[in-house]
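Across the two complexes that follow, chain A remains constant while its partner is chain B and subsequently chain C.
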Partner chain A sequence: MSSETHKTHLNASHAKQWLQKQLHKVGDIEERELKNQEDHALLLYFKSMCDPVVVNEDLINRFYELNSLKIYEEFIRSFPSTIEPAEESELMRNMLRGCVVVFIQDRVLLFDAVLINAGDIQPASTENVIQGPDDSFTENIEVNLNLIRHRYQTANLKSEFMTVGKISQTRIIILYDVTKADESVLEELRKRLSELKSDIVQSASEIERHTMHPQLRLFPTLMLTERPDRTVMNISQGKVAVLVDSTGYAILLPAIFNDFFTAMDDKIQLPPIGWFLKGIRYIALFVTVLMPSLYVAFTSYNPEILKMQITLLIAGSRATVPYPSFFEVIFMLLAMEFLTEASVRLPKAIGQTACVVGGLILGTAATEAGLVSNIMIILVAAVAVTNFVIPINMMSSGIRVTKYIFILLATFFGLVGIVLGVVATIMYLTSLRSFGKPYLKMFAVEWSNKGDQQSG
Partner chain B sequence: MNMLKRRLVWVLCCSMLTLTLSGCEFRDIDLRLFVVSIGVDVSEKSPDLYNFSFKISIPSGDPKTGEEKSLLITEESDSIAEAIRQVKSKVDKELDFGHCKGVMYGEAYARRDISKIEDWTVRRRDMQLLMYPAVAIPTAEEVLRAEPPTERIAGNAIFLALSEDGTESPFITRTYSFDLARRMTEVGEDPVMPVVEVGEKNVLNINKVALMDKSKVKVILTKDETRLFNLLDLRNLSTNFGTRVDGELIEVNTDRTRASYKIVTSPKGQEAIHFRVRIQATLEEKEDIKLLTPEEIKKIEGIYNKELSKAITDVLEKIRKTGRDPLGFGLRYGGTHWNNKTEMEEWAAIYPHIKFNVSVKLRIKSTGYKQ
Partner chain C sequence: MVRNKYFYYLFLLNATINLINYVPRILIQDRFDGALISILIAIPIGSLLLYTFTKLIQKFPGEGLPEIFNSMMPAWISGVLLVLYGLGWYFSSVITLVSFVDITNRYVSPDVSPIIVLIGFLVVVALSARLDSESILYALEMILYMTVPIIMYMAWRVFSNPYYSWDAVRQIITHLWDIPNYRTVAAATYIYTGYINMVVFNRIFHKFRVKHIWSIVIVSILTLAVSIFAPIGLLGAAGAGEHVYPAFSTADSLRIRYFIIERMIYVFYVVYMCLSLVNSIVHWHVGKELILGGFRLKSDKPESIRKKRKVEWWVLAAFCVIILASSMAINQYSLNDMAIVFLDVRFAGEFLLIALLFYAVWRRRRRRKRA
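On to the complex of A and B.
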């Protein structure tokens, strides 16, 4: 935006008065008057939002170095992000963002001196890979955009800037490859984002929650990722990425069920190994969801399905257990959930201790005391481990909750309940839509135009 | 949304409450006793009474010790339903027949009529249809009481043998209860059952087959006849055949066997069944250690073909003389003829005088000799 596009500009004295009124009792405002023999200028900015080096170098030093106010004004205007605001609200908004308001005679200019407090690019913490790029998104949207553009060097990568949140004014960027992305998805996304009504948007998951329907659901229909390489791969498959400022995550949409079982390792490994890894994740999905409920069904309703050896083994190890099987399962699983939750929240040093102590109590002491059966310990361990095999955290949390529904079904209806549960889950998943795309469609890319990538 | 949340919390609370209300109908695995096999014998007291034996497996707490415990309860009663109710009052837990995998019919009982119990086992909901029925000698109770030293789980030894999951003996004729029930009503095919004997030192010996006249045992074949019967009945029977060539003992081990037959109905009055038996074998044992030449192998094969043809013809004729049809010739005849009304009557007229032409082709694939 250059000043030429504005026919009108603000009256400096009015603007100054208006600002001073608005900024009454705001402590971190800086009002500095620059004076030499004949001229004077006024700088007004938030100390906390502006880079003092930039202000000193480009505004204060130059004022005394340059001979006339005219040249000084031209100098400020020469910066690409300098704005001449058309109205007071624009003035205010940019000031809050980190611009310095420069009053030169009757002119008001906004000079961009935004202080960016972004850390370095950190290695990914929730989506680890063994061999592959380690970068993850930072809290700064510009850096994130840079990370993506760096990997996807084409002018087809379009970026649309928006702000959401009435108070937080969070900046978001919609990124897509114009030759590949589906226009209907984009339309839908723009519509939903503009309908977003919350005051504060602080994380990508909030956007996820507010834009998706139905609001109450167990499985994520938008992908949250912290990996630029995953984002780039998805964009190249025609998906849309939404970068959100001040969070280290991007949203990818539309997302299908299979995406949540894809790790970036799959592409790094040789194809058969990649398929094997993905197969393992699906096996893990079934184990973690069905094992506890199958235990309940087998021990309480249908022991004849198991082999006799296992039946007697379970019966023998359950001989001392004083309560029914579903109590045993729920207690042990809850204990495991407590451990998991505690180890996430606790500082690393204490977390380890808590896990060891908890694991010992659960594993050894509980069986030796005869409170739970040996088989149960194996089962809980298998369930816990397989749950963490699912690479995307949002999905693995959803699965974590799903298994309790199955336990409940098994408790009331036995094996029939589990079968019904599986059927119902599949029906539910097929009914879900992610921005109009069927959720349980197993391969994100059509077979007809399949390249070397299938899903992400 | 709020309404939905409130309703969800309500449902969750209710279900948590109901979980605590598990009644006495909810029986976990540790409150059940697994009956692993049932035995039926005639009672000495009265012809209307039977001795029903139930072998119950008791789970041991520690699987590593390998000790197996079982309980054998014998009840005298006129019906099995009644006997079960009586047993129920003798044990502290619920009887579960879900793992009942064997019914032993005592020989005396099996020679009378097994249809009542067989019907019960396929009728009852919790009984599996792939149970292993067998004739027990001397009595079912004795067989169930036997605990072979190799057994790790109560009652398992007999199933491992009868199912051929464990040992693979050419003398065991595997029979499932669904198959027994089918053959008992099938026209043209008669049931067979393996015979289990209690041997010395608690060892179970299963090496005979009982041919049945629909619901009662008619004749029990000998060990060697059983092997030949299995050779005709099954494919790829793994067994040995011994013979003497010039006074020297020779044993072959069969790799592949295949028996097929054709019923020839013309000319009338001279109906015959052409049996073709193909055997591929390796030479396993021989007294003379010198190498064999191809001619000698041909000679051994020739001797085998002659001897086996004779032995098989003898077995088939013995079976025919009993009037039973365990190999299902009649079913084949009926299945390949169109005159539905009269075909079985025709077969009944043909079968007593039918001829068996057996041609055995044994091929020694390898001398088993490594140089």
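On to the complex of A and C.
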């Protein structure tokens, strides 16, 4: 040990105090005091980031096996990855990376015990991207915390542990960046979580359902995600994440309408392409909601609105159909919903058969038999495809139901009903609040915020 | 708290909706009797009223008209004034809704009973008017961003139409120096009236300031020009007077060549239906708040909020019943007369409102001096 390095040593007690201040409200920090007759040492590390086997074997067991503190210190120093930090920021940086801070008398050492959960992490299954990270959350809350801490290495990321559910005692972690998150949102969240009364909480969506008001609604006001990268991006935007044990999903809040139309691809692609993709999704939203109801309005109420050729085309195609357009639309859309539902539940191998039988054979046969028009088949296909363009499943399910409301309105009022529905929907969505944040608003994304501060 | 831009949206909403509220019809009826000079007079008067009002309301940050009146006047005077203003403002939406139901029945769905259409309108308007002011402004913004580009496109199509008769416009301009009359000035100032909504929405504005008042003046001049000259150019200087809804007849004479919809009237109808609904929602909201303020119902304590919510239902139910009853009693002539009466009374009421606000500012300043 040369004398120069001695000078740059951290003062152990100062460093300890500094760390404790920095790590206030971080729930996954582990502080372990090791003592024998004359010596004592202190270990400080992120439980989620360090390998418990390594910590036990190399740090705790050794302390009791080796007689003197001097030999213990030499043992730790013998690891090539052990560092003696020169300043506090270096200490914190390495700790967040997965190092254990070892305080031995007035020395501070960093012992590398980083834990990487690579084996048991599955690729994302409901939020796929083309060229991006594929990891998804596991059903273990510690592993999930580890995934997030690896991607967001700052002591500002606070974690608060709670349990919900009287019988299930499900552990949840509230994660947020203390410099960015809104304190009022956190207060509200803690209050709502503590008011949660159900016995068993098994999934993130149950928490979503029990904490949001009003309980009966079509559009999600909290986001469920299985992607650690989305979670991290949202935390960096000042949102709050709630990890739930035994479910592979995290809750992100507050979530606004626009967030549900953002896929992680948008950030991976070049910006103009990202805007294009987003535009496509909003067009898909209008198509999937309005197409079937417009078909009803145009065929049954106002055929004169469309160009003459189109009107004749629809009328010709509908010539054999024996019932009003309303029934035709409902029949075909229901058939499509049955197919979607069936293919979700069936094993993959049979699912394809269902699609072929349902989609191809039924569709062709129905038009040939004259039960539905050809145009109707095109329309149903367009509606189904555009519905799946919306990246977040909860939102696309909500929209799937919304289109039936519009069909009903079109059946009773025609074109007037559709316009009424559009205005009412806009009114309804703007009146929703997600933890105090307006749910639907023009320019919800502040363009002045550059880069990562945009929608997520 | 919302930003200042929402004031411009409130103005824009009223400016665009004038086509439904019989403003073009009144202007065109007087086209040979001083409509143009009335418009020229209305522009400075309207802008001045708007400017004065914004200056006055800035003196009361975060306060609506009920709070201002109730703190200045004896209970019964402020109560009567607020209820009258509330009813007057609501009356504007009666004209919008009843005439729009008439339009729907005439142009779009003659086979649906007008009462059913009206009930559909009322359900949406009444439920939406109960929402908080902030949400209504967000929805207004969204709908304006969807509709105003289409309105601009339609205006462009009118004036770029090869059959547009500039001679008819020139003919009207030769009547520029006729003697103006009160009715036409009152109708033309309707464009500016959107600022009155601030009597309630001022509660949620944060540091309300109006910059770029010239942009409002320019937009209003363009709106008035479109309102009067678009029908005259396409329907003819004499022919424009023959129509009940000149704006709709003008839109009906346009054809979209390269789109799946051929007739402009349907695009126009959808756009104006959205705007009429939002306009009615805004007017009901303001009217309801004024009337509730007239009865001194406040929303500061949870208990009083619950009481207010309950009374609110009754007010909205009364609004619905009035419209349903009047839609059955009114025919087209009386609706037109009603619109004229409304526009005339409104114009006088604006002056009274500004005078009352001057008085309120003076009272408050004196009270502050004494304190």
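FYI, the second predicted complex is superposed on the first by the 323 of 456 C-alpha atoms of A that agree within 3 Å, B and C clash if a C-alpha of one lies under 4 Å from a C-alpha of the other, contacts with A are read in each partner's own complex, and residues count from 1 in each chain.
Just so it is clear, a contact is a pair of C-beta atoms (placed from the backbone, for glycine too) under 8 Å apart; a residue touches a chain by one contact, two chains touch by 3 or more.
Quick caveat, the model's predicted, so the values are computed rather than measured.
Chemist: Which of the two partners, first being chain B and second being chain C, lies in contact with A:N128: first, second, both, or neither?
Modeler: After superposing on A, A:N128 lies clear of both chain B and chain C.
Chemist: In the superposed arrangement, does A:T340 touch chain B (first), chain C (second), both or neither?
Modeler: Touch partners of A:T340: none, neither chain B nor chain C.
Chemist: Is A:S168 in contact with chain B, with chain C, with both, or with neither (first, second, both, neither)?
Modeler: Neither partner.
Chemist: Which partner does A:S198 reach: the first (chain B), the second (chain C), both, or neither?
Modeler: It touches nothing on chain B or chain C.
Chemist: Return first, second, both or neither, reflecting whether A:S397 touches chain B, chain C, both chains, or no partner chain.
Modeler: Touch partners of A:S397: none, neither chain B nor chain C.
Chemist: Name the contact category of A:L420: first (chain B only), second (chain C only), both, or neither.
Modeler: In the superposition, A:L420 contacts chain C only.
Chemist: Counting only touches as set out at the top, which of chain B and chain C does A:S317 meet: first, second, both, neither?
Modeler: first
Chemist: Between chain B (first) and chain C (second), which does A:P303 come into contact with in this model arrangement: first, second, both, or neither?
Modeler: So A:P303 only meets chain B here.
Chemist: Under the contact definition given at the top, report the residues of chain A touching chain B in one complex and chain C in the other.
Modeler: On chain A, the overlap between the chain B and chain C contacts is residues 302, 304, 308.
Chemist: With touch defined as at the start, can you tell me which chain C residues reach chain A in the complex?
Modeler: It comes out as residues 104, 108-109, 111-112, 116-117, 120-121, 124, 127-128, 131-132, 134-136, 138-139, 141-143, 145, 259-263, 266, 269-270, 273-274, 277-278, 281.
Chemist: Tell me, which parts of chain A touch chain B in their complex?
Modeler: Spelled out, the residues of chain A in touch with chain B are 215-216, 298-300, 302-304, 308-309, 311-321, 324-327, 330, 408, 411.
Chemist: Any idea which chain A residues touch chain C in the complex?
Modeler: 301-302, 304-308, 310, 412-417, 419-420, 422-424, 426-427, 430-431, 438, 440-442
Chemist: What residues on chain B touch chain A, complex-wise?
Modeler: Touching chain A from chain B are residues 1, 4-5, 8, 15, 19, 22, 26-30, 32, 34, 36, 57, 59-63, 96, 98-99, 101, 126, 128, 153, 156.
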